[in-house]
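Paired with chain B in one complex and with chain C in the other, chain A is shared by the two complexes that follow.
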Partner chain A sequence: MLAEIGYVAAWLALVVAVYSVFAALLGARRRSSSLILSARNATFVIFGALTVALGTLMIALLSQDYQIAYVWSVSNPSMPTFFRITALWGSQAGSLLFWCWLLSVFSAASVALNWRSNYRLIPYVIVFQSTITAFFLLLSLVIENPFNRFWLDGAEVVQSALIPAGLAAPSEFNLAQSARGLNPLLRHVGMAFHPPMLYLGFIGFLVPCAFAFAALVTGDLSNNWIRATRRWALIAWVFLGLGLILGGRWAYDVLGWGGYWGWDPVENAAFLPWLVGTAYLHSIMIQEKRGLFKTWNMFLIIATFSAVIFGTFATRSGLVESVHSFARSDIGFPMLLIWFSVTLTLGGLIVWRRRRGELRDDHTFSGIFSREGLFLLNNFVFLALFVVIFWGSFGAPISSELFFNTKITLGVEYFTRVTPWLFLALFILMGIAPLSAWGASALARLGRGLIVPAVLTVATLPIFILQGHSGMWSIIGYFFVLLAGWVAVYETYRALRARVRQRGENPITGYLSLLRRNPRRYGGYLIHLGIVVIGVGVIGSTAYQQETQATLRVGESTTISGYTMTYDRFEGGQVAEDGRIMDIAVVSVWRNDQHLATLRPRRDFFPNQQDMNSMTIAGAHSTLENDFYVLLLNWDEISQNSATFKIYINPLINLVWWGGLILIVGTLAAMYPNTAPSRVESRVSAPDRRAFGGGRA
Partner chain B sequence: MRKRSAARAILALALLIAVVVAVGLAAAQDTSTVTANDVNEIAKTLYCPVCENIPLDTCPTAACEDWRYEIRLMLEDGFTPDEIKADFVRRFGDRVVGTPYDPVLRALSFVIPILAAVGVVALVIYVSVRARHTPPQHRLDAVTPAAQNDGLSLQERLRAEIERDIAR
Partner chain C sequence: MAEIGWTKTAEAPKPHRAISGERLKYLIGGGALLAAVVVLMVSGTLSGMRYFITVDDLLADESLVGQSVRITGAVIGESINYNPETLDLSFTVANVPAENDDLGMALHLAVNNADAQRLEIVMENEVKPDLLVNEAQAILTGTLGADGKFYADSLLLKCPSRFSEMVPEAGESAAEPVIEGEA
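Let's turn to the complex of A and B:
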């Protein structure tokens, strides 16, 4: 019954989505407010229907309804409730329905929140969002139906969402006995949050792109669409960033290779929209402040959404091979089609409006050392990064197979050669741009502004050099990364000092007032600081990682980088609550004759799992200085007296996670409503809104 | 005489044993010089020929364990890291290395992103120059293209635009 309810609700959502597209189009064309209102209400119905559909699938997972093929394929009776919930996105069919539900959430919320303020744009926003939702729903229902049930056709088991005539349902008991369970790699707390975060990031960019589409169609090419979507873009950006960081943490904990970023195509597919999205978030500030780069901003948001669809296509279609692909199916061709159609349509609209002269800038570009000039440079560096990473992940492997009939892999070696220069350029720009002014800036002024941060940077560098991080390139890297950080800190300090002096506020109140008064600037500095902390962590953990492999007998020790590890004992065949069998090595870690920790690296074995049935879980002792990270590779199965370990020392790796946290705080601060300046802004832009039939701002 | 020949035979046997032991020890010494870290150093730069983008040093499959053992044997036989990598490429193709060995593919892999970067720089210059020479458009132009230069004030033009919009 659950399957039938979910199936009907999902079809209802699809029919209503198609209706909303036509109602919105007709409403906009005939200027019929009732049709537009109906289209708006339809987006709420889609959300409601998909909530029911997703809810039934969740209930089916929790109530262990193994008659539903999806539930059978991603869960089994021994799985704890927590992983039953995360199994919702554990495979293609469920994750696609979850994706559709998130699309409906964003569509309904964006329409509800912008209904009055952007009335003229709304019909086309609905057209775009509902078209995308309808497409993914169609994929879900036709190709990857999560509500298919098992039926017995004689001796054969068939899957069908509809109740076939004359067929019986198989025994619940037999199904429960044979249920597969969730892929072991996905049984990690990080996987509870990583996919939803990534999906939220991906789907979040739907809203700005839909408004850009609406602006292009209606001709309302003022800043309205940017004002309406800035926070949506920030939400999408922070979720995508969070998803990437959580994905890195998951890889570090579960994949057992001592790192968090392997330049894998699927990792890169999620990183690409983040890069263009970051360029977009910088670039829209130029349009808001100076009325420049209107075409460019349209291009950037379309490129971001296009990268989102391409990334989804690449990950879910099996276009590229990856250890991160958990959801592959036949949805490749339709995905390619929608990616191509959306990109071509939106690109065509930009060209059309540009040729009509409607995307011309309001002011002239005033030089490369102005804030807008430096932001433009930053945009190009982001774009260059996008190009080289796209080429390495997809372009080169696909081209070589198409034109040379040869499979190639562009791996870490390629990416570590081509990307560091561009990242360095980004950090240099991150250091300089906050010191520049809108309109024009003199080089001398920029130089003067850099003196104090540069001195602070030089004073900080010895901390890293004394830790042995003294390679020339890493010192250069640390210098520019730290410089960007000190610029953010110093600029905040200067503003805070002035405020404390003028108003006599205490520093904490003063800082909170700064954030309230200008959240974009001071939230932005916090974001920069987060990126700087991540940057320092990346340099340290990449350039100075140490590793060793050793086979030890019980009681023997090995040393690495001042640490001594002793193999204490082996605890084999421990059975966990969820049925997995754990083989654990107990080791002690010492430094300068001081006992630091007892670690338990282990190998988990999942007896009921068919494909991937074992996992290597590291033991780690974490400090801000480094991680002592040990993997159990092998052991003597008979005597259990000896075991082989791989040990990594990962310097500064924890800064990557801490930087992520600062990034989130900064983004939340940047999203904080800014009342004082917006009053000024609304006075300036009010005629535009009224002219286009909008209500209150 | 017989004693002397017996002593010579014992001496010869002792020498033989010594040589065998020495060779054996030397051979044993040779084997122990190749460590797991040496193997991993090379395996790290290779990808598993059958898995999905997994470096050979961390791939947990039995096949990869065998390939790591092959690397060990090749190191013991005196192969250099480059020779070992070339051998893997010969057997499994360019997908086992992080950048292709084939000179054409290698050049393409690196030249295209450089060309793209040059293209981006050219784009920067083009946009900067073009933006400097393009006259700005007044904000109102986007709202009322038809109302330009008609001698009306800003407010009058906006009012006309709003009325036109309402009338539509």
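Let's turn to the complex of A and C:
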């Protein structure tokens, strides 16, 4: 019964989605408010129907209805409830339905929230969003149906969502016995939250793109579409960033290679929209402040959404060889088709509007050291990163196969050689751009603004050099990354100082009112700070990772960069709640004769899994300085007296995760509704603004 | 320090010649930046480039001996040999045809086909990955030595279950569903 309910609800959503597209189109053409209203209500119905569909799949997972093929393939009787829930996105069919549901959430919410304020754009927003939702629903229902059930056809088992005539259900007991269980690699908190975060990030960009589409179609090419969607873009952006960080954390905890980013095509596919999305978030400020780059911003948001669809296609179709990719699936071709048509349609609309002269900029460009000039450079670097990463992950393999009939892939060396330069350029710009002014700024003024942050940077560099991080390139890297950080901190401090002096506020309320007055600027500084903290962590953990391996008898010790690790005992055959059998080595970690931690690196064995049935879980002692990260590789099965370990020292790695937290706080701050009209503030001449602590907003 | 104008009319149109001079400057600057990125990409591509070929392709072309390439093959479970103390890892892979509709099935057939070309893989200082199991797809980067062994420095594995999630291993129990990969 469950499967029928879910299946029917999902079909209902599809039919209503198609209806809403036509109703909205017709409503806009005929200026019929009742049709547009009906299209709006249809988006709410889609959301409702998909909630029911997703809900039934969730109930099926929780109630262990193994006749449903999806439930059978991702869960088994020994799995704990938490992983039963996360199994909802544990494999293609379920995650596609989850994806559709999220699409409907964003569509319904964006339509509801902009109904009054952007009435003219709404019909076309609905057209775009419902078309995308309908497309993915069609994929889900026709190719990757999560409601398919097993039926016995003589000796064979067949799959069908509806009850086939004359066929009976297989025995429940047998199904439960043979159920697969979630892939052990996915049984991790990072993996439980990483896909939804990433999906939220991906799908979040649907909203700005839909509004851009509506602006292009209606000809309302003012800043309305940007104003309406700035927060949506920020939400999408931060979720995407979080998804990437959580994915890295999962790889670090579960894959057991001591790293968190491997330049794998699927990782890159998620990183690409983030890069263009970041360029977009910077670039729209120029349009809002100076009326420049209108075509460019349209292009950027379309490129972002196009990268989202391409990334989804690349990940879900099995196009590329990757540890992370889904099973090879038939959804590849239709996805390629929608990617192509969406990109082509939107691109065509831009060209059309531009040729009609409707995307003309309000001002002329005024010098490369103006804020807009530096933002343009920033956009250039982000796009350059996009292009080189796309080329390395997809461009080179695909074009070599198309044109030379041989497949060429680019290894990690390509990325480690090409991208550091561009990241360095980004951090340099991150240090300079906040000091520049809209319209024009003098080099001398930029230089003056950099003096204090540069002094602070030089003062903090020894912290890293004394840790032994003294290679020339890493010092250069640390310098520019820290400089960007100190610029953000110092600019905030100056504004705060002015406020405290003039109004006698205490620093905390002063800071909060700074955030309230200019959330974009001071939230932006916090975001910059988060990125700086991540940058420092990446340099330290990439350039100065140390590793060793040792086979120890119980009581013996090994040392690595000042740490001593002693193998205390072995605890074999511990059975966990989800049925896994854990073999644990207990080790203690010492530094300067001081006991730091007792770690339990282990090896988990999953008796119910046929293919990949074991997993190496690291033990780690984390401090801000570094991670002491130890893997249990092997042990003497019989005497259990000796075991082999691999140990990594990962300097500054925790800054990567902490930076992520700062990123969230900064984004939340940047989304805060602005209480001060920015135009009034911008009209004040530069010296006065300084006095008011408003900076060069 | 510039005063910012808010309306179109406030901005005095610049003389045409001045714009084109500016434009030229930006074009040259932009061109230089673009060239720098292209140089980076080309040099990176040359250093990171690997042919991605099958075991058959590799063994058929003698000129590839000693060249860094990327190959794909099906892991033969019983050939896996691992010394956890020295971290020496070796195993054999069987050729998997480049074109196949069902990779899970292709891997299964490759391992069980005595006529498929096989290649011994040697890796040093490599922790045996949990995914290294029978019929897994191995994607290896390394060089074919003159001794006919493939010396790999990186190993990427995909588990058969990732390809055909709906196919339980046959022969476990008679009542178990035997399901085609089509969902």
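What we mean here is this: the second predicted complex is superposed on the first by the 665 of 697 C-alpha atoms of A that agree within 3 Å, B and C clash if a C-alpha of one lies under 4 Å from a C-alpha of the other, contacts with A are read in each partner's own complex, and residues count from 1 in each chain.
We take it that a contact is a pair of C-beta atoms (placed from the backbone, for glycine too) under 8 Å apart; a residue touches a chain by one contact, two chains touch by 3 or more.
These numbers were taken from a predicted model, which means no experiment stands behind them.
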Checklist entry - chain A superposed: clash or fit between chain B and chain C? => result clash
Next on the checklist: Under the stated touch criterion, which partner chain does A:Thr548 make contact with: chain B (first), chain C (second), both, or neither?
Outcome noted: first
Next on the checklist: A:Leu221 in the overlay: touching chain B, chain C, both, or neither? Say first, second, both or neither.
Outcome noted: first
Checklist entry - Which holds for A:Thr409: it touches chain B only (first), chain C only (second), both, or neither? => result both
Item to check | Partner chain(s) touched by A:Thr509 [first = chain B, second = chain C, both, neither] | outcome: neither
Checklist entry - Does the superposition put A:Glu358 against chain B (first), chain C (second), both, or neither? => result first
Item to check | Which of chain B and chain C A:Gln177 touches, first, second, both or neither | outcome: second
Checklist entry - Counting only touches as set out at the top, which of chain B and chain C does A:Leu292 meet: first, second, both, neither? => result first
Checklist entry - So, A:Phe380: does it touch chain B (first), chain C (second), both, or neither? => result both
Checklist entry - So which one touches more of the residues on chain A, chain B or chain C? => result C
Checklist entry - With the two structures laid over each other on chain A, which partner does A:Arg31 touch: chain B (first), chain C (second), both, or neither? => result first
Checklist outcome for this item: Going through chain A, the residues touched by chain B and also by chain C turn out to be 256-257, 321-323, 325, 362-365, 368, 380, 384, 387-388, 391-392, 396, 406-414, 417-418, 422, 549, 551, 614, 616, 644, 646
Checklist entry - In the complex formed with chain A, which residues of chain B make contact? => result 35-37, 40, 45, 47, 51-55, 57-58, 60, 93-100, 102, 104-105, 108-110, 112-113, 116-117, 120-121, 123-124, 127-128, 131-132, 134-139, 141-143, 145, 158, 161-162, 165-166, 168
Checklist entry - chain B touches which residues of chain A in the complex? => result 31, 221-222, 255-258, 262, 264-265, 291-292, 296, 321-323, 325, 357-358, 360-365, 368, 373, 376-377, 380, 383-384, 387-388, 391-392, 395-396, 399-400, 404, 406-414, 417-418, 422, 547-551, 614, 616, 644, 646, 687-688, 690-693
Item to check | Complex contacts: residues of chain A adjacent to chain C | outcome: 69, 72-73, 91-93, 143-145, 148, 150, 156-159, 170-171, 174-175, 177-178, 180, 183, 256-257, 290, 318, 321-323, 325-328, 362-366, 368, 380, 384, 387-388, 391-392, 396-397, 406-415, 417-418, 421-422, 437-442, 549, 551, 610-616, 631, 633-634, 644, 646, 679, 682-683, 685-686
Next on the checklist: If we count contacts the way the header does, which residues on chain C are in touch with chain A in the complex?
Outcome noted: 1-6, 8, 11, 14, 19, 22, 26, 29-30, 33, 37, 40-41, 43-45, 47-53, 70, 72, 84-85, 87, 103, 127-128, 130-131, 133, 135-136, 139, 141, 154, 156-166, 168-169, 172-173, 175-180, 182-183
